[in-house]
C-alpha cells in the first residue's frame, strides 16, 4: 500500500526577480509557492508516496493560487485549511558568482498559518494512518501557538506509530537577540519527539551547546553527533557539509548516523542553478531511504544526489523522481536524452 | 519661480498580474510603486512644478527599488525617509468587461510608513516654502500616529501660508465595522484644515452625515456641497460622477464649487485601460488649476481630461504633461502622431 | 455530502500564440491543458463539487505536465490513467475584430486517449457513486473504440442511477465527407442514454435530420426541441444562440426545455476576451442547476452568466465560482473590487 | 506566369514598446523591419505574385537581421544591396482610445538607403521583366540623390512597359518649413511618370495647389480627382477617407477613379489593433485589382477590405492572403475558425 | 559561380521551454523550425553558397510559419513543397549541469514529409546543377517510401556529378527493437551512394557490424574507418569524439580520413549553451572544406570550430559565417567586439 | 558635508538582445541608458556622494525616458540639458564562451550631446562646488566642439580647486585611420589638466608614443607609468590588466601609482555576467578612495573589487554600495543572504 507522508509548515510565496537582475533594476517577478514542508512532501510524492501538507492559507485570491499550485505539485490539500488574510512572502534576487543572492521577507507574523488559534487542526485525525511526518526549525521559530501545534502533532503521530522527522534548519534572523538561548529548549523538545533528525555539528555546538576540542568540522561531526543521538534518543541523524566555489559550483557531502555508525556519500561537485530548497531535497532522500529501510550507504547516497539535482532545477521545490535520482547517482554526466 | 508641491502618504508596491490573467492562472507579476500622494505629486512634476513626497520606506532592497522608482517618476525624495522593514503591497488582477478587477492587499499595518513614531519627520522644515500639500483619506484610515502626523503637517503648512488639499477617498474596508462613525471626527478635522477638498455628495451623506430629500445624485450634489463649504470653511470643492458601461468604457463628469458657484466639465466617454489612480489625476488637475489661478471652468475641464487620460496609461501614476492634457481637451480623437 | 461529477474525454494541449500575433509572426507560445470534459468538471469543482476526469495521458513529460495542470484546476486525477506516447494538441491564433481566430490541430488520432484499448478503464468502479457524468460530441467523433467506451460508461452510470449529460458539440472537420450520415446513429445512441442534452435547432436539423417549415431560428428551436425530447426520451435540453458584433462583443441567449416548457435567459451582450471553452461553462451551469434542482429560469440564467464570464478569462477552462456567477447575474458592471 | 512586382524604398526598423506602455514606463521593445515598399510588396507575395524590393541595408548585424526578416516576409532580396552603416529606425508607443500613439524617429538621413550614390542600383536590369513597381512620397522626401534614383527607376520601368504606382503619402515633418512648395515639383514629376496614383482631395489641394469652392470632403474629391487624372495623365487614382471613433474603432471608405468614373467601397467600421501600414495594404489591393484587370467596384472593395484587415494584425506589414480578404469581404464577422 | 548545395530531410518544429524550466514548471514555449538538413544547408548559405532544401510542409498556418522561418534562415524554398496536414515536433527541456536535457517527440510518422507519396518531388530537376546534397540517418529511419525517395535523389545527384554526403546519425529510438539489424542494409546502400560520410567507430561497430580487438576509442577509429572507406568506396569520412564535463563544458575532437590518411583537429574545450544541432554544424564544415578543396587539416579544424561555435548559439541551426569560424579558430577568447 | 562629484559625457541608449540570441534570431530588446560618465557618477551616488551629470538629451520621448532612467539611478539631472532630436544608441548581442559579444552603434554624431553649440553649458556655475569631475576618452573622440567643451569644463573645475579625473578609454573605431596621431595632442591636453588618470602601459605606448625595451606587460607598466606621471604632472594613475578564460571567467588585477610608488590589488578571478561598464566601476573606486584619502593599497583593492562586482550585474551601470564592495573584498564566496 502507498505510504502516507505529511509535513506541518507554512506555505510561503516566492517572488523572484527573473534572471540575475536586482529589484531596483527590474519590473517583473516570477511567483511560486513553497516552504520547507511543501518541498519535502512534494519530493515524496515524486517518489510514489501520498504526500499531505498540514497548513493554513488565506481566504483570498492568493490563497486560491497557492492551493492550486500545491495541488499541481502533487500534494493532497485535504489538510490545507483556509482562514485569515495574509500569506508569508519572500523576494529573491539571484546572485551571480562573486555576488551573493539576497532574500527579503515580507511580514510573515500575521500570516494565516502563524495566527491559527489552538484547535484549528484535527491533529488526531491527521495523525491516524500517517507513516511519517516532517517538521522544520523555521516553523519552530514562529511563535508559541505554532510551536505548541507542532509539538502536539508530533506527539500524536508518534503515539500512533508514525515516524517523526525534524530538520533543525536554524535561521538566526528569526530568533532575535537571544537566539540560541531562546531556541534551545524548543529544539530539545523536538529532538526528544523525533526519530530522524537533520542537523550537523554546528547545530550541536550552537543550538544544543555541546562542546568539543576538535577543530576540523569532520572531527567535530564524528564526536558530537553520537552524543546527540544518545542524549535525545534519536534513531537516525543526517546532514551535509557544503563548500562553495567562485564559479557557481558547490561541493556537497552527506553523512548519516544510525545504530552507532556513520555512512558518508561521495563528495559531489556540480554547477548550481537555484540554491533554495536543496536542503529539503536532501531531507526527502533521507526520509525515503529510511521508510524504504535501505542500507545507510544507499540512503545517504540517494539523499545527497537528490540534493544535488535540486540545485539544477528552478524554484524551491525538488522535481526529480526516484528514478531520476538513481540514474544521476549511477551515471556520469550525460548528453541530451532523446 | 517653480512652485513646490508636496504630498504626505504611504508608498505601496503594486504587483499586477500581466494581461487579464488571474493569480491562479499565472506565474508572473509586474511591479511598480505608487500611492495617492505619489500619483498626485508625480502629475504635478509633469506640469512643471517641483514635487516632494513626505513618506518612509524600509531599509532593504524593496525600499531601494521604491526610492529609485519615485525618483524616476520625477519626485524629489528629500523627505522620503528610510526606516522599518516592510512596505505595503497590493496584488491587482485586471478585470475584463463583465468581470471586475480584484485587488488583494498584503498586511500594510506594519509598513515603514505606518509604524513611524512621532517626531520622525521634520514638519516645520518640510512646510517651509511649500506652496501646497496633498493628503488623502486612505492615509487618514491607518492609525492614530499617522493621523496625528497628518494633522500636524497640515497645520504646519497652513500656518506657513501653503494651500492644504484633502481628498476624502473613503475606503470602507479600512475603517472596520463602525466605519463612518469612527471616521467622521477625523474627516471633520481635516476639512477644517483644508483649502481644497476632493469629494462628492456620497461623502457628504455618509461620512459627514448630512441629509437631503433629493434623490438624484446631481441634485444632492448641488444641495450638499455648498453646505460642506460653509460648515467647514473650505475654499474649493471638486469631484466626479462616473458611469461604467459593459464594453470597457466609462463616462466621467467633474464639478468644481468655489465662491458660491458650480462649474461642470463636459461628460467624457472613453475606453479604459487602467482604472487605478485616475482619481489622483483628477485631483492633480484641480490643484494645478487652483495654483495657476485659472477660471473654474478651465480648471474643471483640465482636471476631468487629466482623469480621462490617466485611464489610458498603464499603472497607477498619471503620465500626461499639461500640454498633453490641453491637446486632448481641445481635440477630437487623433490618429498616430508622427 | 459533496456531489461527485465526472467527465469522459480527451485532454488536449492548447498552444496559444500570445496576444494577437499569427504563428508566422511570433516565436512564443503559451500552453495549457483542456478539453470539453476538463472544462466542465473543473467548473463543477469551483461550484463546490468533487470533479473527476476519466481520461488517459502519455507516459512522458507532456503527460506529467498535463496531470499537474489538471490537479491545479482542482480535478481529481484518480481516473486519469497513463499509457501511450502522444497527447492531442491545437495551436490557437487569436483573432481581432474583423479577423477571426484560427485553430490548427496536431494529429490527435494516435493520442493516448484515442488508442486506449477496450478494458482500459474500470468503468463499473468509476460509475459507482458518480452523481453525474458529462460526454461530448467531440469524443464521439474519434473512433470506434472510443465510442464504445463512451457508451459503456454512460450505460454504467445510468444503471447505477447517475445523471448522464451529453453535449452534441458537432465538429464538421472531425466527421469527414459523409459527416452527418456517419454521425447520426452514434448521436442517437447517446441521446437515448442521456438525461440532459446540450444542443440547439441546428443539431436537430442537421445531425438528427428533423424537418421544419419555420425559418426563424427561434421558431425552429421551439418546434424541434420538444420533438427531440420526446423521441429520445431526454429529460432536459438546453443550448444557446449567439450573435457576434464587429467590436469584439457577442450576444448570448440560453434556453432550457424541461417538462414540456421552455425557459429563456435574458440576452447578454458583452466584450469577449477568450472565446474557447465558453460553451463548456454554459454546460456546467446547466448541470449544476439540475443537480441542485433549481427552477429552470434560475438554471438557465446561471448557465448563461457562467457562459458570459467564461468569455472574460484567459484559457479554455472556466474560472468563476458559483458566487462570482450569481454576483455577475445580479449586478450591473462594477468598478474594481477593493 | 507569376507576375513580378517591385518597390523602391527604405527599410526601417520598427522598435515598438509592447502593449500600451510609454518609453518612459518600460524597458522592453519589440522590433521588426518594414517600410512602405516592404509592406506593399510583401502583401503582393501573399496574393501569389513574386515581390522584389529595391533597397540598401547596412553591412552589420542590423542589416543581417533586416535581410532575414524581409526574406521571412516572402520578399525576394535579390536587389536589396548592402553598404553603409546605418538603418533608419522609429520608436512606436501605442496609444489607447483618447490617447494617440506616438512615433519618434532616429536620424534616418545617414541610412544606407539614403546615402547610396548614383549608379548603386542596376536599374535597367531591375526594370526588365517587372510588371509593376511601387513608389511612395516618403521616399520622395529624402534627398536629391534618392529622388533622382526614384525617377530613374520609374522611367526605366515605364519604358519597359511596366506599371508605375505612386502613393503620395505626404509627411509634413519630412519636408521642412517650405513643405508644399518644395514638394510640389517632385510630386508633379512622379505623377507624370505614374499609371496608378494613391491620393485624396487633400493632396490635390495642398501639394498640387488645386482649388475648389466645395466644402464637403466628398464633393472636393469628386471635383478634384478627375482634374488630377487629366492634368497628369494618370490612368487610375484611388484613396480613402477615414473617421476615428473614441472606442478604438475606425471607419474607412475607399474610392477608385478610372476612365472617367468613380467607384466606392462600402464604408467599413472596425476595431483597430495596429494602425501603422494599413494604407500600404490598401495600395496593394489597388495594385492587385488593376494587375488582375478586375472591375473597379471589385478592386476598390478588395482594397478597402485589405486595409481593414491590416488594422487587425500586429506590425506594419499586411498578412492577409487574397483568400482571407475575399472571405472577410463576403462574410459577416465569424467565430473562431476550427 | 556560387555553388548550389541541397539537403533532403524533414522540417521539425522545436518547442523549447525557455530557460531551464521543465514542462511541468512552465507555461511558455519558444518555437523555431529545424532539422538536420535545414541546419546543414543554412550553415552553407552563411558560407556564401546557395542552399536548397528538399522537403514537404503542411498546408496550414504551421506550414506557413515554417516556410517563412526557413526563408529567414537564408534557404531557398523552391523545393519545399506543400501538402498534408502535420509537421513533426519535439519539445525540449534544457538540462543544467548534472541534470540532462530531455527531448519529447510528437507523432512524426504522419507528417507531411513522411507521408509524401512516390513521385512527389521532381528529383531529376532538383539534381541538375546541384553541387552537393546532404542526407541523414534520421531520415533513413522514417519509412520505406521516404527511404526510397532518399536513395532515388542520391542516385540522381550522383549521376549528374554532384557530391553525395551522408551523416549516419543513428537514433536508436527510431529503429525499434531490431534496430541495428533493420538499419544495416539501408545504411549500406546509402554508404555505397555516398562520397562523404559522417560517422565514427561506434557506427562501424554497431550499425555495420565490423569487429576489432582494440579497446581504446581512438584505436578503434584508426582501425575501422579505413575498412569502411574501402568496403563502401567512400572518398572522405569524418566525425567527432565528445567528452562531457560536469560544469557545462564539452570537449570535441574531429577526425577526417581521406586518401588513406587521417587528419585530426586540436581538442576544443568550451562552455555549451545549446547542444542541439552542433553535429550538423560540424557536417557543414566538412562539406564546405571538401567543396572548397581545402587541405584535410584545414577542413577538419574549420569543421570542429564550426561545431564548437554552434554550441554557443541558441537554437538548432548554426549562425556563424565562414569568417566568424576562421576568426574563432585563429584567436584566443576575445572581449566584446566593439 | 556630502561631496559633489560630476561627469561630462554622452548618454547612450543600450539596446540589448535578451539572453544570448543574435539580432537575427530575436525580436525583442531590453533598453537602458548609460555612458561612461553615467556609470561612474551613478556608482559614486551609491557610495553616498551627490552625483551630477553634465550632458544633453533630445526633446522627445527618448529624452524623457533617458532623464527618468538617470534619476532612477540616483543622479542629479540639474545639468542634463534638453535640446536636439537624437540620442546615441548601441545594440548589444551577448556572447557566450568562445563566441564574443557584438556591439553595433547607431549614428551618434548627430546626437543632442554631440551637436551642442559652444556656450550651451554654464561651466562656471557647474564647476563651483564640484569636488571632482570625470572625463573619458570616448567623449574626447567625438568632435571639436565637444573636445573644446570638455577642456573648458576641466579647466573651470581645476581653477576652482576640484579634482579632474580622466579615463583614457581609447576606442580605435572612433578615431579613424590616423587614430593615434589624431588623438595624441588631445590626450596630452587632457593629461595636463588631470589629477587622476585611468590608463595602462598600452595607452602610454600607443597614444602617447612612449618607448620601452621591456616585453612583459608588467615590466612595461612599471617603466612607463612613472614617466607619464612626471611628464604630464599627474598625481595619481591607475588601471587594470585583464585575462579572459574560455569558461566565461575573467581575471582582473589593478595597479595604482602615486607619489612614486605602485600598489597592486590581488588578482581576482570570477565568472562574468555582463562585461560592459566594468571599467567605469573600477574608475569610480579609484575616485572614491582618492577623495576619501585612503591608503593606495586600500583604494586599489576597493576599485578592483568594484570592477569585479560590476561584472556580476546586468547593464552597464554598477549597482554595488561601498558596503557591498567591502564585504565582497573581505569575504569568501557566500551562500544566499537571508
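For reference, chains read A, B, C, D, E and F in written order, and residue numbers begin at 1 within each chain.
By our rule, a residue touches a chain if its C-beta (ideal position, glycine included) is under 8 Å from a C-beta of that chain, and two chains touch if they have at least 3 such contacts.
Fair warning: this is a prediction, and the values are worked out from it, not measured in the lab.
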**Message:** For subunit C versus subunit D, which are copies of one sequence, does the interface use mostly the same residue numbers on each side, meaning over half shared, or is it different?
**Reply:** different
**Prompt:** Given the pairs C-D, D-F or C-E, which one repeats the contacts seen at B-C for over half of the pairs?
**Reply:** C-D
**Request:** Provide the C-alpha centroid distance between subunit A and subunit F, rounded to the nearest whole angstrom.
**Result:** 46
**Multi-partner residues of subunit D (at least 2 other chains)** = 22, 24, 27, 68, 102, 247
**Fill in**
In their shared complex, subunit E is touched by residues of subunit F numbered 19-22, 24-25, 90, 95-103, 105, 171, 173, 242, 244-248, 275-276
**Message:** With touch defined as at the start, can you tell me which subunit E residues reach subunit F in the complex?
**Reply:** 247, 249, 268-273, 308-309, 311-315, 319-320, 328, 332-338
**Request:** Show which residues of subunit E lie in contact with subunit D when the two form their complex.
**Result:** 68-69, 71-74
**Request:** Using the touch definition up top, name the residues of subunit C that touch subunit E in the complex.
**Result:** 15, 22-24, 27-32, 60-62, 64-65, 68, 85-86, 89, 91, 93, 102, 104, 106-107, 109-110
